[in-house]
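Sharing a structure with you now.
Letters are used for the chains, namely A, B, C and D, taken in the order the chains are written, and counting of residues starts over at 1 for each.
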Amino acid sequence: MVYSAEKLSEEKVFKDPVHRYVHVRDRVIWDLVGTKEFQRLRRIKQLGTTFLTFHGAEHSRFNHSLGVYEIVRRIIDDVFAGRPEWNDDDRLLTLCAALLHDLGHGPFSHSFEKVFDFDHEDFTQNIVLGNTEVNAVLKKVSPDFPQQVAEVVAKTSAKKRVVSLISSQIDADRMDYLQRDAYFTGVSYGQFDMERILRVMRPKEDQVVIKKSGMHAVEDYIMSRYQMYWQVYFHPVSRSAEVILTKILHRAKQLYENNYSFKNDPIHFYSFFTDSVTLEDYLKLDESIIMFYFQIWQEEDDAILSDLCRRFVNRNLFKYAEFDPAKEYKKLAELTRLFEKAGIDPEYYLVVDSSSDLPYDFYRPGEEEERLPIHLLMKNGDLKELSRESEIVDAISGKRRTDHKLYYPGDFLADESTEKEIKKQIRTLLEI
Amino acid sequence: MVYSAEKLSEEKVFKDPVHRYVHVRDRVIWDLVGTKEFQRLRRIKQLGTTFLTFHGAEHSRFNHSLGVYEIVRRIIDDVFAGRPEWNDDDRLLTLCAALLHDLGHGPFSHSFEKVFDFDHEDFTQNIVLGNTEVNAVLKKVSPDFPQQVAEVVAKTSAKKRVVSLISSQIDADRMDYLQRDAYFTGVSYGQFDMERILRVMRPKEDQVVIKKSGMHAVEDYIMSRYQMYWQVYFHPVSRSAEVILTKILHRAKQLYENNYSFKNDPIHFYSFFTDSVTLEDYLKLDESIIMFYFQIWQEEDDAILSDLCRRFVNRNLFKYAEFDPAKEYKKLAELTRLFEKAGIDPEYYLVVDSSSDLPYDFYRPGEEEERLPIHLLMKNGDLKELSRESEIVDAISGKRRTDHKLYYPGDFLADESTEKEIKKQIRTLLEI
Amino acid sequence: MVYSAEKLSEEKVFKDPVHRYVHVRDRVIWDLVGTKEFQRLRRIKQLGTTFLTFHGAEHSRFNHSLGVYEIVRRIIDDVFAGRPEWNDDDRLLTLCAALLHDLGHGPFSHSFEKVFDFDHEDFTQNIVLGNTEVNAVLKKVSPDFPQQVAEVVAKTSAKKRVVSLISSQIDADRMDYLQRDAYFTGVSYGQFDMERILRVMRPKEDQVVIKKSGMHAVEDYIMSRYQMYWQVYFHPVSRSAEVILTKILHRAKQLYENNYSFKNDPIHFYSFFTDSVTLEDYLKLDESIIMFYFQIWQEEDDAILSDLCRRFVNRNLFKYAEFDPAKEYKKLAELTRLFEKAGIDPEYYLVVDSSSDLPYDFYRPGEEEERLPIHLLMKNGDLKELSRESEIVDAISGKRRTDHKLYYPGDFLADESTEKEIKKQIRTLLEI
Amino acid sequence: MVYSAEKLSEEKVFKDPVHRYVHVRDRVIWDLVGTKEFQRLRRIKQLGTTFLTFHGAEHSRFNHSLGVYEIVRRIIDDVFAGRPEWNDDDRLLTLCAALLHDLGHGPFSHSFEKVFDFDHEDFTQNIVLGNTEVNAVLKKVSPDFPQQVAEVVAKTSAKKRVVSLISSQIDADRMDYLQRDAYFTGVSYGQFDMERILRVMRPKEDQVVIKKSGMHAVEDYIMSRYQMYWQVYFHPVSRSAEVILTKILHRAKQLYENNYSFKNDPIHFYSFFTDSVTLEDYLKLDESIIMFYFQIWQEEDDAILSDLCRRFVNRNLFKYAEFDPAKEYKKLAELTRLFEKAGIDPEYYLVVDSSSDLPYDFYRPGEEEERLPIHLLMKNGDLKELSRESEIVDAISGKRRTDHKLYYPGDFLADESTEKEIKKQIRTLLEI
């Protein structure tokens, strides 16, 4: 039997708290899960610093990746199979892309990408196409299979319908993470009736559409998404931890560039500092490596690096205040001046952080970040864009919401031993 | 206001997926949660290697410790408060002991204790009594408060009723971990009606007893416990990972003793290798430190150390076979001989591992590990030992169940490049 | 001890699938639950005909009434108690009103009220104030206590804050029924984080307000409400059953007025037919009585009455089509004409039914059905109307949605034995 | 296409709170659900009088019947389909038998069967084989199909494997009711991992067996069953209601036999009183009919009948005391004498009721009520009876537990207006 069609002698299952069980019958999927690049996702938290706000959110990207695979598997095997519009030859490709779509994520990706200026999606491509165990498994299917998978993950594949199962405004990725993150944090907002949505998904020309009868379940999903963003993903305490994390990386890089002598060689970071990261370097990085350094850096001589690391490790985070950049830039300038005067480096200790989300958007061709809209399949076979049928979605469609906050170390300002007067002025400006 | 009576201006809550919310009003509790020793528990998994079997089980001891505190708080504030038998002066002591009872746990405690021969409970004592942030907080309550807390955790306190809330055959510790571990693994076995049990708990002389009307809920709890042990805690795949982990530590220590030159100095391990661990050393250790070393040791020259580390990191675990030590010791000797002949060191690659559990026991005074039985409070005020009332508990009471398995590297035996004949004999003996 | 302050010797609990347990300590509450008027609520379904669409929705108003009581009890005892703005003297009054707020509901209230032109709320008043067991219990508290309870239920009480706990846009009534109806139907839409909402409710002057930090939980509640209305309460299949039910009552009344001779005297209906219902008559009515008559009426000689009863009892419901009264009134007239021609009485077999909901409204003084808006309590102590802070709520605030459908018996139109041509024309007009 | 193979153009689903959705694709199943005999099950509660103890338990047998069908459908379509041991020709037969297995249940079956001496299972046979809509649907499949279905339901079919799916010690019937009754009552005891059990079920020769790896899930199921029996099904308050119900029927029959003149002719009961029930009579009976009579009988002249009916309708139940018939028969005789002396008819007001359960039994050929044991399928293909592998099941296997209680009207004994001294003696004997 050809490798792509090989089935395990007995179905294997992973016990999953969100989907109850993840089912695997394809040898290819089983082999991919066993690769070291996929196992590495166990050492990268799904939600980065969120566990410092919601202590249950300690789950890994390994968890989530299996979940996305399982949702796609159910859509294909339980809903699409046998429908004339669906080409079952795309099955394995879709399953592999679903499983591997986050493979290139590193530890605390967001901060790393920002400081060291790269894109984790490039690494996903590299892992799929490079000299890896994952690539070896995929190549056994066919020589160009890794390329096919890479294109689906990169959304450049001509198989748009396959792409839309994994990345669109209602895809298996979002459906898994909303439910999973809700489960592990313990908030109730991420719940929606996925069973219902799966049942009304239909392949239709270039895309995956939703039968009109499932519109309300989709509305509920969009509201869940909205709530999860503002209640969990953009929680100001998690953002505070992320601000500190970013500043640690920033400081370490700066020290390296200034030839600072680290007590312990941060060998895992060198290629990041010098912008020369190889795939091999990248794969060595995970959260235990990062946390190792953050812990030993608590004892570095550089006061800023050690302070920031102690804050992160021991969860002694920055406080925050509302901030409106459009109106309060003068206040920020004044605060910056006062921080400098008080001997608190504003580059590291006075940070504006912004979060922004667009819960749903209709199609705006030509605009940045074009988003494929969700289409409803009407009884007569027509397609209608969701916000034209749903009043609730229409009400929020295209409305971007942005939130700015100013982060600072509350304890530094409380300490009145020196610079008493300046700190008082700062506190007055910050209204604390 | 004295520190011990200080309340937060507004109640704080932690969102918890198991108990919905963990409520904190006492300043002392809030301050303890903020100490670095308590925050360290975030970096130690509650279930060690179990996440390699049940991928959801990535939750930390921080999670569990808050949960135990919350259960005890509810028992005291919602059930015991106001009852004449309960002395509310013990409230803060009980809450602190509940929160801190696992403070001395290190990464993968079980394996560490086995290889380096220490007891994590001694470290709990040291943290509570030593030069730590936790101790500083407790001392603010009163000079002897750390000692009081330490005694409750060590079960040597004269306040037996306080002790029994935290460690007995039906205590807040067990009630939290059964539910929590069930939640994160996703298995249904750990569920029981804790609400009911809390409602029927009563302080009574030296102990905490259960009103007769709650007997069935207690039966259900004991069955949950039984199932969780055999389905989750003793799962042979997790035990396989633990076997490998233990052997890694064992090998590293042996190499160190043989003056092996590590490519990268394992400074965090030195005091463990030389049996001279200080509290400071111990507190530096967490799972990210351990995983850092395991990852770099994958590239050590020593074939056994690097192989075992690769197995652990990439989850390439040992296979297992049923094994009866009483009957099959000859077979084990023969296998040991064959492994040696095949060039596979049996000390590291042929391991017998045993698990054993006693789901419930009545009181056997004088015996090792005396266990306080669960007492039912009858309508007439008498106490009756649980197994005398419950047929189901009676049926399993005092019956120890033990399971032995033989672990070995399946892949080594599959490789037929050399020693073909010997490996074939091994496989025959192992019936694979 | 005065009756109003009497506590049960031991707290009683009702096992409740939604709130886990309903707790009762007050003797007055316990006695009210035991009255025959309250027990009667067991024989009236919470959701009328909905069980014919969602088979799980067989729960009674007894269920719901206990749930509303429990929510109010938790707000008062766990959240409000001890706050200076809350007057604990109102406690018992609030609990009683919560428990009894639906006491006057009859079987399939909506249809009964429509056909026989009365208001179940008048009967709630009558039961509380009349010669009933409920009144006897309340009077034991104080002579004017029944009147006080009646005023709270009728929303005419001067204690506006007490009223707002039981009826406002976010009250215990709505919070219970959304969750309870979701639980029993099995839909996921009714879930929201009630724990969170309870924790952020505050008494404030005349009303109950919500701390700003709980705004997102309230948004989620409003979306749940919206979804439950359109997914469950206004489900066209349930409405079809209700249309038939209404027509049965209508027909029976008409027959009575025309001196039709029923095979079996419908004694329980006489006072309804003659618009002379006494409290005693009313209390005798429940769903088993109604269903008794509907079953025996299946064998009545009147073809319309027996057909409609058979449809209701055996769930052979009307089909439906979208209908726009503003644009399609001519079509309706034409259909009416054709139905008559085909010998199918349009009064009973061609029915327009409309549902309409306003998910949330800000305050429009002077308008019909003034609704008190939800107020947020800002950090600085100010109050802000919800839709001014929440974009999502603003988007749907004040937007009434209405849905019209045309109901008809599909089977009658399929039968082509006679009037073949006319029926074909009808089907063409209905697009079936 | 032949009728038996007809599929609906689009799968239909019922929203189910326990299984999320019940899926129907077969036209035969859809048609059976629509019959009036099946719809009648909506008017019969699954748990009889239990709703008087657990107010959530208002669900009907309609609910449960769909659930059993769904479980069987999943076993066949998701687990058995394609396995060589499974004959898919049996599929429709199994599904129909699952759906219809409880069709003959009447209102409060247990009490009715006891008083009027019949067996509801005979009526199931009659409905399947008689002149009914159900029979008409089944006959369309093939002339002998009704007979085949009837034999499976009666357990006389030669297709033992089909029978064992619907009735054995671990069948779809039990698996549905344990979960469903737990869901609606709100108790946690009925939960077990059905997903797991379904996945390890295997057709094997004459029976359905369980793969060894699923043994713990089966243990958990058996414990759930044990707990549900004692916590819910045999709850003494529900039994009290059942005692009263039985006595009402008993009294009505006795009055009829004594030519008592009912104010309102109980026409629905006549054939029961005279032991001449036809299928047509039987099908007219449901709980609304019964409740109709109980309500009007509250106003009958016979003091016993009206008292008992008032008790049942208004939930004014009997109290109970522990009773050991082996040791306390003298006490019972004495109580009987005293009741008579006090003018309280002991036949109706002093009732011994016994409940008894055998949670699991191995096979005892030749004994009454032979029960097929649960067999585990070992890795080597052998079968082993469950209690030989599971210590917990072994501990309770074959152990029958029986509970006797003595029911009496507490209020009658409290009334001291007359017969003060006798009532005091009664209370002393009853220890109240």
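Just so we're on the same page, a contact is a pair of C-beta atoms (placed from the backbone, for glycine too) under 8 Å apart; a residue touches a chain by one contact, two chains touch by 3 or more.
Here's who's who by UniProt: A, B, C, D = HD domain-containing protein.
This structure is a prediction, so every number in the text was calculated from the model and none was measured.
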item	value
Between C-D and B-C, the pair with more C-beta contacts	C-D
Relative to chain B, chain with the most remote C-alpha centre	C
Separation of chain A from chain C, taking each centre as the mean of its C-alpha atoms, in whole Å	44
Gap in Å, rounded to a whole number, between the CA centres of chain D and chain C	32
Where chain B and chain C are represented by their mean Cα positions, the distance between them in whole Å	51
Sites on chain B at which at least two other chains make contact	20, 187
Pairwise touch network: line, ring, star, complete, or other	complete
Interface residues, chain A side, partner chain D - complex	13, 20-21, 195, 199
Residues on chain C engaged by chain A in the complex (per definition of touch)	187-189, 191-193, 216, 219-220, 223, 226-227, 230-231, 391-392, 395-396, 399, 401
Chain A-facing residues of chain B, complex	14-18, 20, 34, 36, 39, 42-43, 51-52, 54-56, 58-60, 62-63, 66, 183-187, 284, 286-292, 295, 313-316
